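Sharing a structure here in structure tokens format.
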Amino acid sequence: MRISIIGASGYAGGELIRELLSHPEVEITNVVSRSHVDEYVFRIHPNLRGYTELKFSPLNLSSITSNSDLVFTSVPHGTSTEIVPKLLSTGIKVIDLGADFRLKDPADYPRWYGWTHSHPELLTEAVYGLPELHREKIRKAKLVACPGCMATATILALAPPIKEQIIEPERIVVDAKIGSSGAGNVPTKSSHHPERASGVRPYKTIGHRHIAEMEQELSLLTNIRPRISFSPHAVPIIRGILATVHTFTKKELELPELWKMYRSMYGKEPFVRLIRDRKGLHQLPDPKVTTGSNFCDIGFELDPHINRLVILSAIDNLVKGASGQAVQCLNIMLGIDEKTGIPGPTIYPV
Amino acid sequence: MRISIIGASGYAGGELIRELLSHPEVEITNVVSRSHVDEYVFRIHPNLRGYTELKFSPLNLSSITSNSDLVFTSVPHGTSTEIVPKLLSTGIKVIDLGADFRLKDPADYPRWYGWTHSHPELLTEAVYGLPELHREKIRKAKLVACPGCMATATILALAPPIKEQIIEPERIVVDAKIGSSGAGNVPTKSSHHPERASGVRPYKTIGHRHIAEMEQELSLLTNIRPRISFSPHAVPIIRGILATVHTFTKKELELPELWKMYRSMYGKEPFVRLIRDRKGLHQLPDPKVTTGSNFCDIGFELDPHINRLVILSAIDNLVKGASGQAVQCLNIMLGIDEKTGIPGPTIYPV
Amino acid sequence: MRISIIGASGYAGGELIRELLSHPEVEITNVVSRSHVDEYVFRIHPNLRGYTELKFSPLNLSSITSNSDLVFTSVPHGTSTEIVPKLLSTGIKVIDLGADFRLKDPADYPRWYGWTHSHPELLTEAVYGLPELHREKIRKAKLVACPGCMATATILALAPPIKEQIIEPERIVVDAKIGSSGAGNVPTKSSHHPERASGVRPYKTIGHRHIAEMEQELSLLTNIRPRISFSPHAVPIIRGILATVHTFTKKELELPELWKMYRSMYGKEPFVRLIRDRKGLHQLPDPKVTTGSNFCDIGFELDPHINRLVILSAIDNLVKGASGQAVQCLNIMLGIDEKTGIPGPTIYPV
Amino acid sequence: MRISIIGASGYAGGELIRELLSHPEVEITNVVSRSHVDEYVFRIHPNLRGYTELKFSPLNLSSITSNSDLVFTSVPHGTSTEIVPKLLSTGIKVIDLGADFRLKDPADYPRWYGWTHSHPELLTEAVYGLPELHREKIRKAKLVACPGCMATATILALAPPIKEQIIEPERIVVDAKIGSSGAGNVPTKSSHHPERASGVRPYKTIGHRHIAEMEQELSLLTNIRPRISFSPHAVPIIRGILATVHTFTKKELELPELWKMYRSMYGKEPFVRLIRDRKGLHQLPDPKVTTGSNFCDIGFELDPHINRLVILSAIDNLVKGASGQAVQCLNIMLGIDEKTGIPGPTIYPV
């Protein structure tokens, strides 16, 4: 399968290239970056030196459509709405890593993103690319909208208890901690090393955009719309998200019941690990352990003090939160083993 | 005033020495460390090289009582119960940095700490050393029990809304992030650099001991006992705590009402700063900014999505969370300016 | 091929398991750890959860020899001398990751390590496992002694100019910077996060043991024994070594001459990359870029100010500095592609 | 004394404000920042919140000269040459933190900085602001040019052995490690957290500009011009420089001789500490220990393997490498205790 990547110079783009280079069913035909035309890919993604002589090319849609079967788009929010319809109209399939096709209700774009969607008809067609919830639809999709990284960690943590309706739907606190790669590769004051290192900075404490997709997707599991109280924090790690999800159970629960719910939903999932150990340093999920992998590690605790169920969910924001999830969707569309091209055991400690 | 420090080789002990060295009303007569007898203090606390030629001495109570007016005890939990009564019996005042005299109800010790208190009669006498709540009692105290670092950040964040009874008392989530110095200076697997750096590790997700003192102190503000849903996380910073406190208001609130509550409680406090800016990188508290200072920085956001009030509270765990608070208590007991001996503007970025 | 690993619970052991799990020619039959008998491997190496159900076994040589063709030993210095001869005597091949068989001259053990070698006869037989220098010997070896991590980075940097005799052999300064995983997984004061983070600590400024093998190996390239002025520094990264090698050229040189020397020696090496770019952030080697890979990245600068040749050499201490190099040696012994089982493009940024 | 700071929004400027706020002999009359006019200082330097209500003002020289006795200039290289002559012409004294007046030979500016100096006559008048070498000249100076941070650490390390002519003057390797605050507060790709954290990046491996002032100042100690082989590395700490100085002694030396040289030069210096311990974690200098202080910590080792003398020199680049040194110079000019306004014991660990 011939694949192009539009927006290939960002961190998620780099990871996508890395994964696709070792994917046996794929040939990369174009890696597009408007700001790095004609540069070697390894100059921007230095880990790929020695693995590819690819160079970045400009955004030329006719050239891309002539030699691609599927295109990954990894471009700033609001940019995909222009590119994707043109690609789809030539019969090319698209996996979009941005937010432009994630929300079903066109009204959510002005509300959460501040702009009006120019192709609302595509919102129905697009499939939300979370395999654990939408595998069958992804299989047949022409347009996959990959979830936001924060949304991936949160939705996977909450899906079982929401589906089973065991928690109060309006008292769900998601306190997230995220690494610096999550903000992309453009230097800003907030990513400046002297400012970012050694601190824990709350940001978007209210009103974060991923809330829209979290509530949308979790609503589909029942007919009650939960309210997500979501607040992220910038922590001094490069990769990874830990979502600590504090919920309150409607009645007393025992751990075996929880295990059963989570196993029933994720027992056969290739990229969800349930983590709950009684010994050692790694008793609950930590994004350190998912670095470089496509796993979402999920664990939980029951607090008898107040019927609280705390769920911990850890991912690598650039893999399960972006590129790895995208390749997982690709594999589903191709009808092959979902793990194809996705790295196996990753390094530790890192 | 002649001062001794028992347990002077730990991180809190080192900070205490540092502050007392520049305190004009104080002479340090003994710095006790059983494991470092006769070593220069600066060998263990290398920042003090060039400032003091003090050496650690063994724990010899008669020698200490002979030349001390007040003793700081900074020893492992359960150890102070043996030392403190003896000191008090000679008329010496004590400021204890551990947990042994923080809880009022003797039953709380077996429940939260797993041991029975051998001197329950002192629990009534001891004053909980949080100046913002108990300044008058501290002034006259013979025994001050300084709060835990997590408790300090949490109680100061919650006191105004709890006192005003504007939040649901059973849906209070405190999600804390803490630096590695909080666990002391003894190397363990969890503090091993390859394991601690680049990760975000949940621990004591339920049942953390500081919950006992948080609920005790917040109960005193009204006659309702709130339930604190507290979960800390080890983050890869050395110093600092950020407590993110998620609460739900009983009715809709406006920001000016909140400002008024917080200003009314803390407007004259020398070591509480209210942080809420609309510009720049530092719009809400970040423990990075309190490093080395005795400030508790408090800020808040109102989430109209679901009547959530998020309070952010940042401290340096070794200063406002330990040594600085202890010196603040000392100054109150001495009747002098509370800022005496406590460092002024601290460095940034760090 | 049936493989056992003795000393499998350390960081290098964990990496070895990870690589061998995806090695198509290998079956792991025993993973030995005396301190973790019967524990799941993934409890200690949490990245391997979901990839293996292996458990650690005790050190039982007869059990190991009954089902192994080759054994990796990764045990504390001085321990291999007891185990390895027994393994060899049963016809099993050994790849040792420690220092016990690296030095040729038995007198070097008391001098540099402080103990007398109990099997000096094996020192002649052992092959120093640096493929770039000893590939042919490794192919036929029964006992391979993998180089120290610092030695790997240093020797590879210096081999071309030493061989060409263009630098002063007694004015070679190697200033190394190493991550915390280099000291192993046992917590110590020096690896305690509050002590290790945010610092740059010189240690073993003189007399580091790896000097012995550096000088031994570099001497073999000419008949002059160079003197290595080696000083390492503990820096707050987890993985990686940067060796900055300052040398002085005997006469003026031009860059093309240097390129020619390095290309001539390493042009066909699968795991050496020559890094010298004129643009971007990655103009010279940085261990950040080799994290998780088996590459040694080498670059250089010529300083016309004083005829100085600075060589930069970066590796991942746990991969090219330990496990990856060991698997590369294994592949050479097996006569298969040297890259087999060694991870391809690794993640960035990390 | 009325003081103004031009260039007060940078990191060195922030530290300068912090120190001067607690300086009893000083009143700050203007803090100039063209990019932050009318903003509160504490919005940019958040540590100062609660300590000052100062606001940044525009660069208005007549306003500055009307209410200042002395001006600190902390502006980009090449900018001071325009401002300083105007200030001096009104009788105001100037302490410049940049490079514009450090070099004595006008020809060094085109050579090392690429521009021609517009006021070469001031180069003779300017005093190089390193108190340990030029205290008497500083006392009477009208214009002080504070040393570069790398130069401060290097010159102080090398002055004693250069003065005593015990080392080879053309084989001096200075391998420096520097924190991210050294590059200022403007975000760039190289300071972007995902790129800077977890790496060790060589930069300016040859030709660093501070070499000019190092060689100039060290030449003054004898009549031989030493050649400094200087290469810095960006390490993932925020503050601090460690200069590892590798030199070769002309003849065999003993440690007591070295102690004598260093004590003779620095024995009475208020801000030089000689560090050489046989026990504990802090046997040699580490910039971690100087964080926030004005100390230059110096230690050394003699390597009998090859007559190498290794000198370690650690400073806080923003204090002894910039603001603290500047205030030390101010105090010398004022004829008061050099420690006035310079923070006492600083925090540890940090």
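To keep things simple, chains are lettered A, B, C and D as they appear, and every chain counts its residues starting from 1.
We take it that contacts are C-beta pairs under 8 Å (C-beta built on N, C-alpha and C of every residue); 3 or more make two chains touch, one makes a residue touch a chain.
Just so it is clear, the structure is predicted and the values come from calculations on it, not from any experiment.
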Original post:
Once you count every C-beta pair in contact for both, which comes out on top, B-C or A-C?
Top reply: A-C
Original post:
Computing the C-alpha centre of each chain, which chain sits at the greatest distance from chain B?
Top reply: C
**OP:** Would you mind pulling out the distance in Å between where the CA atoms of chain C average out and where those of chain D do?
**Re:** 39
**OP:** Between chain B and chain C, tell me the centre distance in angstrom, where each centre is the average of that chain's C-alpha atoms.
**Re:** 46
Original post:
How many angstrom between the C-alpha centroids of chain C and chain A?
Top reply: 36
**OP:** Would you please write down the residue numbers of chain A that are in contact with two or more other chains?
**Re:** 11, 181, 189, 194, 198, 236, 238-239, 281, 289, 291, 349-350
Subject >> Residues of chain B touching chain A in the complex >> reply: 170-171, 173, 175, 177, 189-190, 194-195, 198-203, 205-207, 211, 227, 229, 231, 233, 235-240, 242, 244, 246, 248, 281, 284-289, 291, 301-306, 308, 310, 312, 314, 349-350
**OP:** Name, in rising order, each residue of chain C that touches chain B in their complex.
**Re:** 11, 179-181, 185-189, 191-194, 196-198, 236, 238
**OP:** Could you pull out which chain C residues touch chain A in their complex?
**Re:** 11, 14-15, 18, 21-22, 43-51, 181, 198, 238-239, 273, 275, 277, 279-282, 289, 291-293, 295, 318-319, 343-350
